[in-house]
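Contents: one structure, followed by commentary.
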Amino acid sequence: SQTGGPGCPVRLRSGPCRPQVAHPAESITQVELNRPEKRNAMNRAFWSEMVECFNEIAGDPSCRVVVFSAAGKVFTAGIDLMDMAGDVLNPEGDDTARVAWNVKKIIAKYQETFTVIEKCPKPVVVAIHGACVGGGVDLITACDIRLCTQDAWFQVKEVDIGLAADVGTLQRLPKVIGSRSLVNELALTARKMFADEAKSSGLVSRVFADKDAMMAAALEMAEEIAGRSPVAVQGTKINLVYSRDHSVAEGLDYMATWNMSMLQTQDVMKSAQAAMEKKSPKTIAFSKL
Amino acid sequence: SQTGGPGCPVRLRSGPCRPQVAHPAESITQVELNRPEKRNAMNRAFWSEMVECFNEIAGDPSCRVVVFSAAGKVFTAGIDLMDMAGDVLNPEGDDTARVAWNVKKIIAKYQETFTVIEKCPKPVVVAIHGACVGGGVDLITACDIRLCTQDAWFQVKEVDIGLAADVGTLQRLPKVIGSRSLVNELALTARKMFADEAKSSGLVSRVFADKDAMMAAALEMAEEIAGRSPVAVQGTKINLVYSRDHSVAEGLDYMATWNMSMLQTQDVMKSAQAAMEKKSPKTIAFSKL
Amino acid sequence: SQTGGPGCPVRLRSGPCRPQVAHPAESITQVELNRPEKRNAMNRAFWSEMVECFNEIAGDPSCRVVVFSAAGKVFTAGIDLMDMAGDVLNPEGDDTARVAWNVKKIIAKYQETFTVIEKCPKPVVVAIHGACVGGGVDLITACDIRLCTQDAWFQVKEVDIGLAADVGTLQRLPKVIGSRSLVNELALTARKMFADEAKSSGLVSRVFADKDAMMAAALEMAEEIAGRSPVAVQGTKINLVYSRDHSVAEGLDYMATWNMSMLQTQDVMKSAQAAMEKKSPKTIAFSKL
Amino acid sequence: SQTGGPGCPVRLRSGPCRPQVAHPAESITQVELNRPEKRNAMNRAFWSEMVECFNEIAGDPSCRVVVFSAAGKVFTAGIDLMDMAGDVLNPEGDDTARVAWNVKKIIAKYQETFTVIEKCPKPVVVAIHGACVGGGVDLITACDIRLCTQDAWFQVKEVDIGLAADVGTLQRLPKVIGSRSLVNELALTARKMFADEAKSSGLVSRVFADKDAMMAAALEMAEEIAGRSPVAVQGTKINLVYSRDHSVAEGLDYMATWNMSMLQTQDVMKSAQAAMEKKSPKTIAFSKL
Amino acid sequence: SQTGGPGCPVRLRSGPCRPQVAHPAESITQVELNRPEKRNAMNRAFWSEMVECFNEIAGDPSCRVVVFSAAGKVFTAGIDLMDMAGDVLNPEGDDTARVAWNVKKIIAKYQETFTVIEKCPKPVVVAIHGACVGGGVDLITACDIRLCTQDAWFQVKEVDIGLAADVGTLQRLPKVIGSRSLVNELALTARKMFADEAKSSGLVSRVFADKDAMMAAALEMAEEIAGRSPVAVQGTKINLVYSRDHSVAEGLDYMATWNMSMLQTQDVMKSAQAAMEKKSPKTIAFSKL
Amino acid sequence: SQTGGPGCPVRLRSGPCRPQVAHPAESITQVELNRPEKRNAMNRAFWSEMVECFNEIAGDPSCRVVVFSAAGKVFTAGIDLMDMAGDVLNPEGDDTARVAWNVKKIIAKYQETFTVIEKCPKPVVVAIHGACVGGGVDLITACDIRLCTQDAWFQVKEVDIGLAADVGTLQRLPKVIGSRSLVNELALTARKMFADEAKSSGLVSRVFADKDAMMAAALEMAEEIAGRSPVAVQGTKINLVYSRDHSVAEGLDYMATWNMSMLQTQDVMKSAQAAMEKKSPKTIAFSKL
């Protein structure tokens, strides 16, 4: 149900708080949190909509890279406790074990919401401005490249409401930034981290003066990625995710097995020829993937 | 045998070079290396005392967070070679294999000394001033949050006495800081690293002008942690340690299984209500854990 | 076939583009990329020469540490596509599966070229100046300590020629530097990273004004390492590599098993005695290993 | 859409070759391959129907155990090559890499078809008569308990059509039976294995004279399982699958974490009381799960 | 506190239901369940006594092998629900999460009870007669060699009292016998398995006509083991346990690292010389380990 | 340097105790231990010759399957202690650590001798008659399919000469047969196991009356394997080895990645067509691999 292409107006999905999808340039899909009146708080609709949205993107050969951003004054205030209280705070069940059974189902469903970003073979560049709280940190750590504005701040908030963050932050944040002491401090004290520390710690790889500058850079970066062979780009993402969770020897073996077929692409020839002719990869017409 | 509580004077344990335990504020336990005349060198008594000390803390429901620091001019000069030479340099055994058998027993015992810090579900904030040498680095890498003074320096010293660091540094340091080149340099050359590089590399998350400022901040941080739900805080530590050693998928599954029961705590309700009433989590009376 | 020792002139190997080996000081082996007229591009001869070279070093008891550098204006321009096009772009095979079979053989062979650096128990200090592109990044991430000049730059180039980097970068780079966002950005966009960012991200642990300063520092660092017990140094490298790919508990067990024999070295006694007499480890005559 | 209960007639689904679902007794769901005119060959409809069927069963609290069997003269002849040739033999794609991309998607989809059986927390008892060929072996190795008739035979057929079995047999069969030599022989030679060897090798745990005897025993076994606490039964399956793929230490930790909540079920009390009163568990009314 | 040696009378420990320790022959320790009036049901005292008992054995250089058996008419009826109901059925805790916390502590403690058998480097031969139910199966799967009488039977009983077996059976049984279908059947249906099936499935490696014959064979086997180099025997056990939970490549590397020191034992020389002189290893005087 | 083909006389290699290579039928290579006057004891020449032999076979496209057997009265008496005593019993080194270093090198080299069998992608059928002792068990557990004569017996002998078996038996035997109790008994007591128990335990998959019958069956089995697509056969072996050391999920993912290219072989089409025409796969002319 995604339409449009370069130059066409942004097509919004109906409904509150759902991710909106647009196509700002060829081969680029932009997903936007769009519930600004509630500070983009994640309500019930959000969870299933995200899965559906990224499953579509994963299967859409005309998309090669995703830019993820948010409308309004902040990136997201995290989970909308009011809307979701029923699910999270009062799960059904005749006894403790049966409640637990349903709790696990709910958590697994929410975990999947962010894991779809990681499973999607197209790289996801996330652009963060203002607050990025709680579930927002779970979300951005599942993305591939993180950019933020100078006014952005990050907060692992879960410990403040009596629970250990369970939809990705505790699993991904330590593999995303370099300082374990900082990860522990953020998760255990729920203190805010601002843009400069986010940059120096490696949570984001670039900081921008304001949202306009960031979005321009994010799109430019997306165009760089979209202009390269999708076989190369998506193989790179898949193997980067694989290598995070495996030993170097395992990663090398998987990589070689992957490239048994992937090196047989015409893209290598096309790219090599362009390189010899001093042309940019962006001038090459790659087949869809 | 731990007594006291908020306001009561610090209770010291008897004996030289053993960690001393105090209770500077409610739910906070302070452990202090206290053998300043020997630069807090770790002698024979130290090893078993540490295990006993952290086993007590792990089982003490009135403790929610630990501050670890050192008396005197430096944090620690590392292992007291004089006192321990017999054990380490001349293990018993009728032949090489039998000596090796005893060597492994000794190493395993020393490794356990620092692993108890990691196994203890209560977060441990370590505050380092002056020298932190050899066994000191093994110790602090097993803690959760590292703070230091401007005059602190760190040295992986083992290579200087003819051995590969075998009680934790080589295993934990590479998972604690982001730069593998730096880890290798420190471990292979035994050069000193000073506070600024410790901060920029992520070994510590904060640097303070002097020990007083650091201790005040360490206690403040401990109070922040102690004021939050112990179910949330200890579940966070346990899952952060778990995720370090597992893939993201394994970590997510363990997290969901953990929270099957832990989300059924009253602390979530209490915390959510406090949040809605704009009260600090520190105002909530959580049950002991 | 390696000769020389401290003070003797550098002995070069014959042939174009092969790593050259010299002995600038006792126990130090220097390996140099030496095909400056082709910007040290890696041609066919390079791959097998590297394996042979590091196998020799691994078995040479008179070598305790390796310095790896490059002659000419840049470190390396990466793979020499012209020379290697036959192998990589046109592998033999009667059908897709049989081509794939040969592709895997080729990739596995190239992977081994850099893995020998990691398997070599002697630490490898790499000194990088000017460009370090494509295969160069695969190479340096397999080294232990990375230094660079102020004019150095790094580029994960593979995505530009239509393929996912398959000889080590995607597997090792994420375990070498702290920021996952930066790793992904570099690998997906093929943008250049300059010395300052290489330092702040942890890819290199030191930056120098020019090549002379860097080489002097590299040799000094190598002398520091060469002056320490080879039992300690090589055991440290082996266990650092092991711990990268294992949990902390696994790493501790392996370390203890390793030191069952290694702690029975005379080097510990010699080193302990030197330490008590306030002598440098460099004054000790250690047996060869 | 599953109806009925004990005593009600079997409700069949529409369409050829799809698994049919019935409820022969309380809490028992029976799934039957029902395309006897084609020897229950697995056609295109089969794959998605299986996923849907087991997802329903997984979420159906009135089902506690599954019996899987086949109508007609044989269990299954495996994949229906005629019907599926288009998918498997001629996948789309502009070049080798793009064909490979689609091949992986197809295989992953087929793998999921049998993995749903394993992911379903309700135990699956499979009853095999006559031929069980190719995809049939993939299917039964994903089930929990295997029974067969005296006339049953098994054949890992894939090597005969030029491919390595890729939807589960090579992964699960070696973990299902005890003799690695036998597994290799079966997979490499495609020879038939008959009921007696299936029993002595442990592929099946019981052999019956004919299908009637087997089905009666399968249902009796299903009733035994259905009569016990679903908290106990499903926790047992989940932890048996977990322990297959983890070390004993990992398995023990996961088990303890699992039972943090699951031991708080009323089923333990009810069961303990029944045990003391010498009553069968089958007399207890357990809540649904 | 263990006394005696070859020829000395069996020394029993005081107290009901605790394992009793004797020394039927040189270097052999016999541990016996001895609460026959309660069918050797495992009561509260049992758990801590087992840990103490095996820790002593692990550290006792005069013991080289353990024979584990039971007094009375049966091996064991499993956990003594009456005695342990308080612990298991009514754990303390102010809310569900805090009860869960205590449940985990209890389970971990019980798991450790059997894991000490596995961690003890001396091989444990278990001799089973009559019933071996519930906790008994957890116990014997942690032993190294299993023998039984013709009248022995085994029952994984936990599902009958509403819980998944959580102290070792679900983790170890699938790695102990070859047929996964049989493991699942036993654990899910709680049916009894008799001696013949225990033998054919590989749970036990030998079956004897009666207890006297079995005990004689167990002691003879223990003497065979005790007569060999303890360096060889205990290294064999440790590496067999290690290889169960690791890949072959990991196991080979650990084995080689282990034997770096262990091959330097005098036992190899002594054994090789005895072999050349056609003497039994039992004639060699090995040093204690 | 391998010559011959179907019908040509067996070409033997020169020298004592080296594996001899012949080509009894098209695409089949036979390797034979041939030092009957020393009961095929493995001497120094054996180790490097085996590596060379299997590396040749791995790279020889005219070989599709290997039969491994032994000349003379027994399969092998294991390591030739006399010939190898220097290496194994007196390794060089200035102190314990340096001796250990050399010990590890030697063990690693011997381990590689058998691991080459496993790494060779062509299936290896081993035919055992008479004694198979010590190193012989290491050898056969690295093969894919094991056959033996009625007079064959197997002995894990290492514990008798004071060492833990360190070149494969302790790592592979537990993954080769189903009964852990039996594995432990064999390795800890060094007792002999005869053909019937080898069959019932799954060590071998078939037993034959005498060597002639076994060799005929081994060749027939080899012909079955050689007659099928080498893409299918070798992919099957590689994935069976992979799945042994990985979880089912990991194995499935690797399998799918492997078949991305391998399913694009013409062999599938050729095989499918032959199947539809009711022809044996052996009638198909597959390209070399």
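Some observations on this one:
Should a chain be cited, it is by its letter among A, B, C, D, E and F, assigned in written order, with residues numbered from 1 in that chain.
The rule we apply is simple: contacts are C-beta pairs under 8 Å (C-beta built on N, C-alpha and C of every residue); 3 or more make two chains touch, one makes a residue touch a chain.
No experiment lies behind these values; they were computed from the predicted model shown.
Identification of common neighbours of subunit C and subunit D yields A, B, E, F.
Counting every residue number used by either copy at the subunit E-subunit F contact, under half are found in both chains.
A straight line joining the Cα centres of subunit A and subunit B is 34 Å long. Look at where the CA atoms of subunit B average out and do the same for subunit F: the two points lie 50 Å apart.
In subunit A, the residues touching two or more other chains are 96, 99-101, 175, 177-179, 200-202, 231, 244, 257-258, 260-265, 267.
Put simply, subunit C touches subunit F in their complex at residues 94-101, 231, 261-267, 287-289. Interface residues of subunit F, counted against subunit D in their complex, comprise 123, 144-146, 175-179, 200-205, 221, 224-225, 228-229, 231-233, 235-237, 239-240, 243-244, 247-249, 251-252, 255-265, 267-272, 275-276, 281.
Contacts from subunit F toward subunit E in the complex involve residues 81, 85, 88-89, 96, 99-101, 103-104, 107-108, 111, 115, 118, 158-168, 170-172, 174-175, 177-185, 187-191, 200-202, 244-246. Within the complex formed with subunit F, the residues of subunit A that make contact are 254, 257-258, 260-262, 264.
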